[in-house]
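The next part holds the structures, each set out as structure tokens.
Both of the next two complexes hold subunit A, though its partner changes from subunit B to subunit C.
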Partner chain A sequence: MYSEILSRVKTSEEKEQLQDEIEALKVSLYERGAVFEDMLKTRVRAWASQQIRKDLEGGEIDKEKYLTVLIEKLKEAKCVKLSIAFEPTQVAIDKFYTFITGEIGENVVLDITCQPKIMGGAIIIYEGKYRNFSLRRVFEEESKTFNEFILKILAR
Partner chain B sequence: MEDFAYYLDKLGEIGFVEQVFHSLVYASGLPHVHPNEVVIFESGEIGLVMSMTKNYVEILLLSEAKIRAGTQVARTGELLKLSIGEGILGRSLDPLGRCLTNPSPLKKVESRAIDVGPASIMAREQVKDPLETGVALVDLVVPLGKGQRELIIGDRKTGKTQFLLQTIMSQAKRGIICIYAVIGQRHFDFKKLEEFFATKGISKNTVIVATSSSDPSGLIFLTPYSAITIAEYFRDKGADVLLVMDDMTTHAAYYREISLLARRFPGRSSYPGDIFYVHSKIMERAGKFKKGSITALPVATTVLGDLSGYLQTNLMAMTDGHIFFDIDLYNRGRRPAVNPFLSVTRVGHAAQTPLQRDISRELTSFLVVHERMGQYMHFGAEVSENVRKILVLGEKIISFFNQPADSIMTANLNAILLAGLWAGVWKDAEVDVMKREMEQITLSYGVDEAFRTKLDKTLSTFDKFSDLVTYLKQNDEILLGKISRQK
Partner chain C sequence: MESNIIYLTILVGVSIVLLAIGVVVTYLSIVSKYINVKEEQVGLKSALAAEKDKLLEEAGRKSSQIIEEARVKAQEIIKEAQIFGPEQKEKFSLELERASATQAREYSQVLERAQNQAIQTIQAISEELGGQAVKEVEAFRRQLTEQVAKSQEEARVLIEEAYKRLEEEVEKYKEVRLKQVDESVFEVLKEISRRVLGKEITTEEHEKLVMKALEEAKRENVF
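Up next, the complex of A and B:
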């Protein structure tokens, strides 16, 4: 039931935004009148409100419980920090997301930062593990050999 | 130590600071970190892992730097180590081994973990060699042995540090390595200590490990650990080491601060439950070993002479005796203000010669009698001739024990002067005259080698104090020959 919504949340910004929306919805449950419906229309993005309506239709599911669980699931989402050298497009984010969920499973969000100084490749941080696959690192490794080579040429 | 990027690359583990509480940092990540491991922050500061929970790693900061939430932190995979090498003598260090005064590099450096377990019983021996403090009262009544752990306890400003400096002066002049751990005191105190060592010319045999009260709590907490690690370095080279830890009540107070910040359950007087373990683990690292020895003199401060405090009794329980500096005696002008009745030495007598042991026994029982007589006199009772003699001799003995802060008395000199006093050499002399004549003998003992040899030889022939006294009664010219008396 929740996977449809969770699978649309790919980055940490999206997660925080959706979490705020759901929190606001949850608060509206305790207000008089049709505030919940108004909030769904005005505060929550279209795709999310559509999915929430779909999940709650029939009135069998308790709204409060549904929203609480959804917030919990969002909080539980594991964060993969990704440093790349360029500002990613939506296509790039989708690609990264598909690759990463394929490797480590569902309920993951990407925290992407743009660091041009790494030149290319990526630095990945997940559950305290740090892996540097950047081009800068490759250059630094290789430059140890380059430097000697260049110095030899200059010495001629 | 390498930089943050090196360790991040090497171990591939990263954490992020989530919360900062004074000297404690809580970080997420670092999945394989272990207790007591050193971690490095991206700013280059280091911290020590205290404990781990499911979500956070608790890190003790070892620097003043302001760490912010979100700062990256990496494992180093190493325990906290101290770099020790040739040339460390004469230096003042902080607990991380950074020189506070002389930044020139050490030679033949070796790294030693500062928090290690104590040596096994198989590596140990019984205390058998005496350690002369140079303070007559202590050397005669509460003697110490090399490898003994003796608590120096007393109120503030009762002359504890003065006694420790006399002991260091006495030992450093004999080539013993002396390490002074200044734990969270004023910066001024540490500077004064440095000056004292330099003035007395004993810097080459001393090391100061110092933290001031303005240093981070984590660093202050590590001071005795680093000091004993340096002591172990010299011990392993076969040297006899004297270690002063000034003072352990301050150390406990800083550990209490850290523990309360870490939300550990407070025990008696709010100290954490493991304070006994923390202190006894340090004390157990001292002792007499098959190779070398570490004599530990931890200091404890009392309040209004109360010996029954939590820390004070803890420290008494983990040491081989204590020397109590009594504020009442200090106020009555006694220097040193050591209370011989409340001071204890458990192994020191084993390191004495039979003659010294006999003197100690005789003297202790005499002092008890004298004290009792003194109390009796408070009732204004008329005294017999015998009691009067005891009181007069007692006053002279107390006066003999009054020693200037910068003087050192050798054990043999103490024995011969006391025997002379007992034998009646100064029976009719006023206290001032007696003190002056004793100083003349002390001076002769120091400069006249023939006289010194003669006295030492005389002493070596006796096993009993009464025999020595009888001998001096018959041959008082040994002492009188060095005194110029006005007739």
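Up next, the complex of A and C:
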């Protein structure tokens, strides 16, 4: 039930945004009148609104419970931090997301930051593990050897 | 008459003896002063010798003068004694000559002894002064040599220390400069590479590099 809506949440920004929308919907449940429907139309993005209606079709599922579980699942989502040297397109984010969910399963969000200084590649942090696969690191490692070479030339 | 002659003779003899003693005392006083002056004027050997001759000459001249004055006075006394007859006068004269000769001889001997003593004293002083001067010159030469050697050693140590400090400063400067060169060169190289690569890598290539990083992470069991 939740996999479809969660699969649309690929980044930490999207997660926070959806979380805010769900919280607002949850609050509307306790207000009189058709506030919930109004909120779905005015406060929630179209794709999320459609998915929520779809999940709640038939009236078999309690709205409050649905929204509460959804918030819980969003909070439980695994976070993979990626530092990359460029501003990614949606296609690029989809590629990265697909690869990562293929490795660690669903309910994952990417916390992507753009750091041009790393020149290329990525710095990856997941569950306390840190790996620097940036071009800058490669260059710095190579530069140590190059550094000694240049100093030898200058010392002549 | 006889007693008068004897008294007169004794008087003259005593006068001559007193005069001689006076001369000797004067002479010894001059020699003593001379020695004192010489002790104070170390190193003036030539002046000492000249002073010695001068003092001896002065002493001789004074003694001769005194004797001559004594003779004149004695003759005047004899001339004034009109009461004496020719015979007594002759005897008195003979006695006087004999006494004069005896006193003169004794005076001469005393004078010679004093002169010899003075010469010995002066020679001893000269030798002592000479020896002392040689010792002092030797000590001064030794001290001077030691001082020169000490100064040379101090100068050598100072030069070595200054050279060492200079070497250390040069080494530090070299180190700082090399570090500056190191930092600046590689900062420039990194910046150039960053700019060149940043402009040349396309979005697709960036994506490929990120995918490659993810695959690498997978191989290292990050996920």
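Heads up, the rule we're going with is that the second predicted complex is superposed on the first by the 148 of 156 C-alpha atoms of A that agree within 3 Å, B and C clash if a C-alpha of one lies under 4 Å from a C-alpha of the other, contacts with A are read in each partner's own complex, and residues count from 1 in each chain.
FYI, contacts are C-beta pairs under 8 Å (C-beta built on N, C-alpha and C of every residue); 3 or more make two chains touch, one makes a residue touch a chain.
Keep in mind that what you see is a predicted model, and the values were worked out from it rather than measured.
Visitor: Please determine, from the superposition on subunit A, whether subunit B and subunit C clash or fit.
Guide: Aligned through their shared chain, the two binders fit side by side on subunit A.
Visitor: Quick check on the superposed pair: does A:Ser143 touch subunit B, subunit C, both, or neither? Answer first, second, both or neither.
Guide: second
Visitor: So in the superposed three-chain picture, is A:Arg131 touching just subunit B, just subunit C, both, or none of them (first/second/both/neither)?
Guide: both
Visitor: Of the two partners subunit B and subunit C, which one touches more residues belonging to subunit A?
Guide: With both complexes superposed on chain A, more residues of subunit A are touched by C.
Visitor: How many degrees apart are subunit B and subunit C as seen from subunit A, counting from C-alpha centres and rounding to the nearest 10?
Guide: Placing subunit A at the corner, the angle measures out to 40 degrees.
Visitor: Compute the least Cα distance separating subunit B from subunit C in the superposition and give it as a whole number of Å.
Guide: In the combined three-chain model, subunit B comes within 10 Å of subunit C at the C-alpha level.
Visitor: In the superposed view, which residues of subunit A touch subunit B and also subunit C?
Guide: Overlap of subunit B and subunit C footprints on subunit A: residues 129, 131.
Visitor: Given the complex with subunit A, which residues does subunit B contribute to the contact?
Guide: It is residues 8-9, 12-15, 28-31, 74 of subunit B that touch subunit A.
Visitor: Could you please specify the touching residues of subunit A with respect to subunit B in the complex?
Guide: Residues 125, 127-132 of subunit A touch subunit B in their complex.
Visitor: Where on subunit A does subunit C make contact in their complex?
Guide: Interface residues on subunit A, with respect to subunit C: 80, 82, 84-86, 88-89, 92, 95-96, 99-100, 103-104, 116-117, 119-122, 124, 126, 129, 131, 133-136, 139-140, 143, 146-147, 150-151, 154-155.
Visitor: In the complex of these two chains, what residues of subunit C are touching subunit A?
Guide: By the definition above, subunit C touches subunit A via 178, 181-182, 185-186, 189-190, 193-194, 197-198, 201, 203, 205-207, 209-218, 220, 222-223.
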